[in-house]
Amino acid sequence: MKLEKDLKYEEALERLQEIVSLLERKEIKIDDLADKVKEAKTLVEFCREKLDRTETEINKIIEPSEG
Amino acid sequence: MNYWVVAEIAKANEKNGHHYLELVDTVDNRTSALMTATIWAGTYKNIRANIGNDVAEILKPGNKVLFSMRIEFHKVYGLKLNVVDVDPAYSYGEVERRKQATIERLKTEGLFDLQKALYLPVIAKRIALIGSPGTAGHRDFRSKLESNAIYTNFTIKEFATSVQGDKAAKELIEALKEAQTYDVDAIVILRGGGSKMDLNVFNDYELSKHICLSKIPVITGIGHEHDEVVSDLVCRKMCITPTAAAEFLYIQIGTFSAQLRQGFDAVLNHSREMVAGLKDEFNYLQKYLIHHSNQLLLEYQWELNAEAHKIQKNFIQLVQSEKSDLDLKLDKVKSQSIHKIQISLSSDLPNQLERLKLGSENVLSQRSTQLNGLNDLLKMLDPERLLDVGYSISTIDGVDVSEMTGDLLGKTMQTTTSLGVLTSEIKTIKKD
Amino acid sequence: MKLEKDLKYEEALERLQEIVSLLERKEIKIDDLADKVKEAKTLVEFCREKLDRTETEINKIIEPSEG
Amino acid sequence: MKLEKDLKYEEALERLQEIVSLLERKEIKIDDLADKVKEAKTLVEFCREKLDRTETEINKIIEPSEG
Amino acid sequence: MKLEKDLKYEEALERLQEIVSLLERKEIKIDDLADKVKEAKTLVEFCREKLDRTETEINKIIEPSEG
Amino acid sequence: MKLEKDLKYEEALERLQEIVSLLERKEIKIDDLADKVKEAKTLVEFCREKLDRTETEINKIIEPSEG
Amino acid sequence: MKLEKDLKYEEALERLQEIVSLLERKEIKIDDLADKVKEAKTLVEFCREKLDRTETEINKIIEPSEG
């Protein structure tokens, strides 16, 4: 499963919660269940990677327009 | 005699504890009056004792201040204004007024809400830290970020500035500018607190404007007890202390992380529940399927058996009734036959026999009657019987006298009687 | 007087009737008369006996099965 | 008296009736009477026997399967 | 007595009925009586056998699969 | 007796009921009885077999997933 | 019996329930019973497989991140 390139983490969480909500409201069909769970997993991993990654150094970006 | 005077400080110098002020009054931005005033060291001490450290801030050039003055005339120096007291309330009000003016200006210029529109990442772990290293606030912030139970995986780029004094605003602006060029999630501006006047730097229009214009969300952690400073108001996220700023950052991530975990757990739990529920439902359905199929089948079997029994019963009835018919017919054959025989035996044959008997008896009796008649006749005709009753038979020459013809005289006649045969000679014949 | 051994009843009856007839017509000589009468008597007896015998015989034939 | 071997019941009955008829018409000689009666009796017995035999036979035919 | 090989039940019954009828109308001679009875018996046996065979078959409708 | 290859159970049952009806109305000749009995037997067996086969099939559904 | 390639679980379940309902209302002819049962079996297997597969899939998703 591919997430949009510029997905925000809040959006990821929101979508995850949406899935939870759908599940709670039993609005997910069994046919879609595995996909939804997979999506949830992807979303979680997407976020978790960000959380776990150690950013050893902040790359200095000198913006051409800022310089 | 003392007078309360409002004047704007144009210049301020301090020498040997004495403060020399150049006071002006302006109308339409033009100086309308100018005079010097002195705060003697002793007086300053007293004022400072009353107001506190804000006194330095209050007595800054550009500020309008409410002074209590005593006018003195000195033979050498001429007319002198000696400040005997300062009313800080006026200055505070002045600060507030200017703060409001700055806010108004920022709003008018459309800058005020720019930060609010910026996206503050929920995982803000790359931090540009603007502040004065070595201050308590700075230390608190760092130590909170680096040693909390929730999340510590931050990367901090520090931009050291002074946060008070005349250069503070300028340095802060420089730091802000430089921070823009780094790939950070948020800029944190810290100040460990201070008096109202201390924090007045954060009401600075230029500084506030630069905060507004920052492309990176700015978080303030300026310790203050009362009103927010303009920087607080325009920044993306205001925290009341450096510690609070640190807490905001890791709690934000922690909350996010917890929500993420909870969300995922919920997805898993609900999914498993859903599958389990469906399996239960499905198993029931399957059981119903089997039960009802079997039930239906049983019913069909009953029906078939009933039908088979019915057909068998009917067949057997038919056969049995046919058999009884046959038996009846055979009985009839027998009884009719026997009847016929019995009739012949009991009636036909005895009849014949009776008729036979009767017939023979009739024949015999008829014959017997006939014979008796003849016998009677015979008896009647028997001559001996006639003689017995007195009749006699006379014959001449063997011929019955009555039969005789011719001359009978002289003939010998024999007469048979019961006494015997008499012989006589015929002597006369007498005719009737 | 002796009759033929195989005299039939009918013949005997006929002769009897003949004799009776002769007697009636007085055509019998007085000398034969006694003889004729005797003969007739014999015939009557013969016939009667015959009838009696026949009756007895018939009764014997019929009776046993009647009993 | 001997009857023909294959005399039928009906013939026997007929002859019997003939004899009875003769007797009833008194057309029989006394000399033949006993013989005729005997013959009739024989015929009756023949008939009776025939009937008895037939009855027995019928009973034999039908009884066994009635039991 | 021998019946035709392919005698039908109905025909047999009809013939039986005829015999009954003849008997009822007393149109059977004593001489034929035993034969007629024998014939009737044979016909009845023929019919009964036919019925018995059918009955056995009838009982087989349910029996084999009941066991 | 041979049934059509694609005889339906319902049709077979109907035909059985028809036979019952004929029997009740006594419209079956005894000569046809054996055939009718055979037909009924064949029909009953056909139906029974069909039911058995269906039962087996149903049991097959149960077995694998019950284990 | 072949199911459509893209049959959904919900549809399959619905069809199963329909069959159960028909069975309950006894509206299935015996001729169709075997077929219906066969169809039900196919559907049951399809559903069970789908549930099992989904469960397995979910477990697979969980496992790596659970460890």
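Letters A, B, C, D, E, F and G name the chains as they come in the text, with residue numbers starting at 1 for each one.
Everything that follows uses one rule, which is that a contact is a pair of C-beta atoms (placed from the backbone, for glycine too) under 8 Å apart; a residue touches a chain by one contact, two chains touch by 3 or more.
Chain-to-protein mapping (UniProt): A, C, D, E, F, G = Exodeoxyribonuclease VII small subunit.
For clarity, every value in this text was computed on a predicted model and none was experimentally measured.
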Degree value of the rotation bringing chain D onto chain E, based on Cα positions, nearest 5: 20
Interface with more contacting C-beta pairs, comparing B-C to B-F: B-C
Identity of the most central chain, Cα criterion: F
Same vs different contact residues, chain C with chain D, by half of numbers used: different
Separation of mean Cα positions, chain E and chain C [Å, integer]: 67
Chain B and chain G, separation of their C-alpha mean positions in angstrom: 18
Whole-Å separation of chain centres (CA-atom averages), chain C against chain G: 131
Between chain A and chain E, centroid-to-centroid distance (C-alpha), Å: 98
Chain B residues counted as touching two or more neighbouring chains: 268, 271, 275, 278, 286, 289, 293, 297, 300, 308, 311, 315, 319, 322, 327, 330, 333-334, 337, 341, 344, 353, 356, 360, 364, 367
Junction residues of chain E - those touching two or more other chains: 13, 30, 33, 37, 41, 44, 47-48, 51, 54, 58, 61-62
Full enumeration of touching chain pairs: A-B, A-G, B-C, B-D, B-E, B-F, B-G, C-D, D-E, E-F, F-G
Of chain A, residues touching chain G in the complex: 29-31, 33-34, 37-38, 41, 44-45
Contact footprint of chain C on chain B as seen in their complex: 353, 356-357, 360-361, 364, 367-368, 370-371, 374-375, 377-378, 381-384, 393, 395, 398, 400, 416
Residues on chain C engaged by chain D in the complex (per definition of touch): 8-10, 50-51, 54, 57-58, 61-62, 65
Chain B - residues contacting chain G, complex: 268, 271-272, 275, 278-279, 282, 285-286, 288-289, 292-293, 295-297, 299-300
Chain C residues within the chain B interface of the complex: 9, 13, 16-17, 19-20, 23-24, 26, 29-31, 33-34, 37, 40-41, 44, 47-48, 51, 54-55, 58, 62, 65-66
